[in-house]
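Note that the chains take the letters A, B, C and D in the order they are written out, and that residue 1 is the start of every chain.
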Amino acid sequence: MSGNVFGTMFRLTTYGESHGPGLGGVIDGCPAGIPLDEAMLQRELDRRKPGQGGLASTARKEADRVRILSGVFEGVTTGTPIGFHVENTDHRSNDYSAIRDIFRPGHADFAFNAKFGLRDYRGGGRSSGRETVSRVAGGAIAQELLRAEGISIFAYTVELGGIAARLIDWEGAQDRPYFSPDPDAPAAWEERIKRVKGQGDTLGGVVEVRAICVPAGLGEPVFDKLDARLAYALMSVGAVKAVEIGSGCGAARSLGSENNDPISPEGFASNNAGGILGGISSGQDIVARAYIKPIPSIAREQRTVTRTGEAATITVGGRHDIAAIPRINPVLKAMTALTLADLLLMDRRLGLRE
Amino acid sequence: MSGNVFGTMFRLTTYGESHGPGLGGVIDGCPAGIPLDEAMLQRELDRRKPGQGGLASTARKEADRVRILSGVFEGVTTGTPIGFHVENTDHRSNDYSAIRDIFRPGHADFAFNAKFGLRDYRGGGRSSGRETVSRVAGGAIAQELLRAEGISIFAYTVELGGIAARLIDWEGAQDRPYFSPDPDAPAAWEERIKRVKGQGDTLGGVVEVRAICVPAGLGEPVFDKLDARLAYALMSVGAVKAVEIGSGCGAARSLGSENNDPISPEGFASNNAGGILGGISSGQDIVARAYIKPIPSIAREQRTVTRTGEAATITVGGRHDIAAIPRINPVLKAMTALTLADLLLMDRRLGLRE
Amino acid sequence: MSGNVFGTMFRLTTYGESHGPGLGGVIDGCPAGIPLDEAMLQRELDRRKPGQGGLASTARKEADRVRILSGVFEGVTTGTPIGFHVENTDHRSNDYSAIRDIFRPGHADFAFNAKFGLRDYRGGGRSSGRETVSRVAGGAIAQELLRAEGISIFAYTVELGGIAARLIDWEGAQDRPYFSPDPDAPAAWEERIKRVKGQGDTLGGVVEVRAICVPAGLGEPVFDKLDARLAYALMSVGAVKAVEIGSGCGAARSLGSENNDPISPEGFASNNAGGILGGISSGQDIVARAYIKPIPSIAREQRTVTRTGEAATITVGGRHDIAAIPRINPVLKAMTALTLADLLLMDRRLGLRE
Amino acid sequence: MSGNVFGTMFRLTTYGESHGPGLGGVIDGCPAGIPLDEAMLQRELDRRKPGQGGLASTARKEADRVRILSGVFEGVTTGTPIGFHVENTDHRSNDYSAIRDIFRPGHADFAFNAKFGLRDYRGGGRSSGRETVSRVAGGAIAQELLRAEGISIFAYTVELGGIAARLIDWEGAQDRPYFSPDPDAPAAWEERIKRVKGQGDTLGGVVEVRAICVPAGLGEPVFDKLDARLAYALMSVGAVKAVEIGSGCGAARSLGSENNDPISPEGFASNNAGGILGGISSGQDIVARAYIKPIPSIAREQRTVTRTGEAATITVGGRHDIAAIPRINPVLKAMTALTLADLLLMDRRLGLRE
């Protein structure tokens, strides 16, 4: 297995399984002088804890206390690699024994088995959602670097179970259930969740990420376009099935005269571009949306096969979430932050020399 | 400027501007023994020539004869780097002088200027669509590698100007105008284009890429998921504003019981997953869609600013395409091929050892 | 600070300072199925402990207990990243306060200050010899991978303080003081060390590394030649000032007829090439030598300057080693193992191997 | 085959065989605004032409006219990738048919065959010395970048056939035969070469590279030390068997009090460190030496085996050089320049932020 390293200049390497000793990572490339302490990482980790979204989340208790192992001295980064670790405290392997020899539809089981010839049935190993602990901690470090440059990142739920938020107050969203940008949406979402949960079913939704105060100029013109890197980052999160930038899918159905953002001395008149032109940030807000599929573990009976290829049925009970939202929100925020931090450092390097 | 290298194991490095001596690239990492000649590259380059889609394309004549410079001996690859070059033959710089000091809305101009402090106004330099010549040639090499493994890739237009194809015959699409998978769609598209062109406006659309006979097991579980790498690849192409895998955006509005693909001893009963589970190919067809924005160069007057920030209007005439489709199709096909070739070689490396 | 990642396919990322919470690293790319436990890492870490070489080493007590954090299940690697950590237990910062504002000749102090504008005076931070703990642990994992392929690596002292070993018994060297390949050398070396130590001075020496049973074919023909990668690996260890392969410096003074290794059906008649032809392993033993400078911390008075540039003298006392040998030996062994493991996995990928 | 890419920030990708259409490469990462034209590349290519060193070089005529394909506009770099190509004009494949099925001792033949199962017998393919054409051209671009920072690089012969230069006038060396730093050495070297050539034998030597006016601070503290990267760069050149930095091998036989360079307010009193402390440039001259083995193609009979393993003898006649010096000198200069350019850009990126 490869692919456990994210980024080029601001580089996160992660490790850890859901049922081993713990999870963690190393940030290589963080400049010195950035204020950083464990509380900053913990705050983001706490956002992905169960309980941020009422009914949607599992009851599994995860303390997830993070420890910084290097790279910080007297409250600021030293420029050396930043190691961090989160100990696993609640691993009950026996919960998973029922699914040891059967493939859960919609899960990684089938493909993992095809690739590796075995799989860690104890909750998915590296394909477990728990892997994102390391992303959130690493992303928290990226966010502090960005904060030092005046950049802030938000991730908020714009749709859940087919019900869209009507108001987009992204700042307020951070303190509302489901990271909802609309004070009225959570009630409707709770109701929808309750009904679907009663049917043994699960739900998907849409999360928007927004980066504000991003300077113009981030992103590289050909392969490492800001939108390409952002799509890569967001799509690397388990349940994401589509990524759009700015007007996104809608752009494909617009006329050029509708989709172009007019420019005036006061700035852009609209933001269909999602803050990215030619793969490079324009100075407007960076706006992207991730489409999240429903959690594949449903309590309804499904047709599947065993590892030896025989027909079978499966009903996945247990302490599973009904929707990946809102626990996925801080993960998407982290991936956005890691992407911007990397491109920010990449840009520093090769600006035009006067 | 960085980011002119794509891939890790099967690596394409590109160079070239629309108005310099030429464009080309180097493939590093292609195994030896793959049949390859210039005609194979030329065939893909010819697909991106104007004229594949009737009215949609510019009249600019581009010969685009490719020459292989190394890495091939007696009709097969030798395992050494494959250099290739396409000479520019038709560059009339004076066409562009009118836009030298003004930013075209929807174009890279503004962001390029912010990043580099200057821009190559002669047609966009590295942000020109002409940059994709190198992608198509490199992707043709990737396609030959994949062919040797039994894998084929198709890119076909499923929607243009808001009008969807009703039939998806991807094999037939290769020989139809607009790479249309539906014999009836081109007539409707032509009509739509004619009307919009008459209004001085432009159109977007949706291109689907499909890889068939992909073995299960490609993609790495965490950051280098097949869908993440594919989203990166497709979104790196200029006009793409959204990428979806399988059921894509629709998954976010489905129930888990609807979106999961049931498995039986005969295989999967549906392909909402787009052939990817947990970031790893499942053996089903890989299916992704790229949403293409309308060409930003419109013949209608738009508000903008000059390089010194004064209000201005601009009307972009000239020999521009009305839609990026169908010339973008072989580019998306190339990027899909490059992604799969890279993950194929990456997978070779670290399979489980019995 | 960048450059904390070593390797491409078998990749070690390290973190940690001499006076922070601890040191560790992550191996990304280790195949599944390799037997591995903490005792295997500990055994190599114990080799770099003080006390392996009698008088040469410091009295500083370092427990260096390693803990594996991920990637191993039931005694074998799972193919996921392998995290490991060594807690720092003995850090007395006050020992170093005397050198806070003065540059020690021969140390990294001056250059670090020039680069970073500050330095971690508490023992050197990332420039401390203690950084090699992570290399040794990571290298131990590489050695287990190589062992599974039948490859063994040895590092032994062929010269110390100008006195050369006369016998090269590399297998026996592992259990002798100073990892001496000659049973008689340690006594002479001890005497030399004792005299030099009495003068407040320090010594250098030469360590040879040898990899046996390496299959022919490792290394890539142009930039990633096996000898180039090995020179990089060995020279990245603090005190190394020269690296030679096979006949090394001597080759420059030989005739072609003397330096070429004749080939017969029974194999090569000599090994001036050090087991590497055209950058690729030939199947003979891989042999390289690292030339180690004397420890720069001497108890004799030296001329230097303060951070503000004023003339000063310095006498570095304290608990310092007299020679980097033998504690550097397991580090050089580790770097050799990491290099071979990386090239072994790189070769798997793209050779034309029938 | 992989490993045809050198560097991270300032990245050279090369292609080309000795007997294909040509050789070339792409520089990705060169900042905009550096003066550059084909004459600058040609000047360095001309230095590796036969005839720079009197008797030592082959009579093979190589025009080696370089063409820049992209990335330069009106005499300065634009920041986009710089493609360049050198057409092969003099390839007589039949010269090599005699060695098609036999391994030349000291050459890459045996190892290539073991790795790839075949080899390009037409002069070595990618293992040919001709591959260095791309290095020299790419290195010339690096030298122009360094020149813009005030840095100059020299490569001069300090020893040939066991006869050392007595005077080290590196500036004058550029215009003397054999790039000799000593006006008197070439005569002695010519005589030595003449005698050895008469015996059908070949010679090695030592080349020193020196970079002057390098700012303090280049190099990264752990794996990407300046000396490690330089050793990698120099050792990747075919005939190099040892690399030393500063006092090099001599350091291993010195006392700490002898090897440390005292510091005074006026600067360092000596340069045993070769300008590198803790892997980071100190502001002194960077000094390294490469030990070059004798050309393995000798006109004397040698024992070897055929591809099928039978005993044979071989006498390699033909138009071969007697020593790799002086044609290797501009190659070593190029590799030094590429290394420094890369570390210079790497350093820019992550300096301490006040």
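A few points about this structure:
Just so it is clear, contacts are C-beta pairs under 8 Å (C-beta built on N, C-alpha and C of every residue); 3 or more make two chains touch, one makes a residue touch a chain.
Just so it is clear, the structure is predicted and the values come from calculations on it, not from any experiment.
Centroid analysis (C-alpha atoms only) places D farthest from subunit A.
Between the two copies, subunit B and subunit D, the C-alpha superposition involves a rotation of 180 degrees in steps of 5.
Centre-to-centre separation between subunit A and subunit C, using Cα means, comes to 39 Å. With centres set at the average Cα position, the gap from subunit A to subunit D is 47 Å. Distance from the subunit A centre to the subunit B centre is 26 Å, each centre being the mean of its Cα atoms.
Across the assembly, subunit B contributes residues 1-2, 4-5, 9, 14, 29, 32, 79-80, 116, 118, 126, 221, 346, 349-352, 354 that each touch 2 or more other chains.
Only residues 1-2, 4-5, 9, 11, 13-17, 20-26, 28-29, 32, 67-73, 78-83, 85, 116, 118, 120, 125-126 of subunit A touch subunit C when the two sit together in their complex.
Every residue of subunit D that touches subunit C in the complex is listed here, in rising order: 1-6, 14, 103, 105-112, 114-118, 126-127, 131, 159, 161-162, 196, 199, 201-206, 216-225, 227-236, 238, 240-249, 251-265, 269, 273-274, 276-283, 291-298, 300, 302-305, 309-311, 346-347, 349-352, 354.
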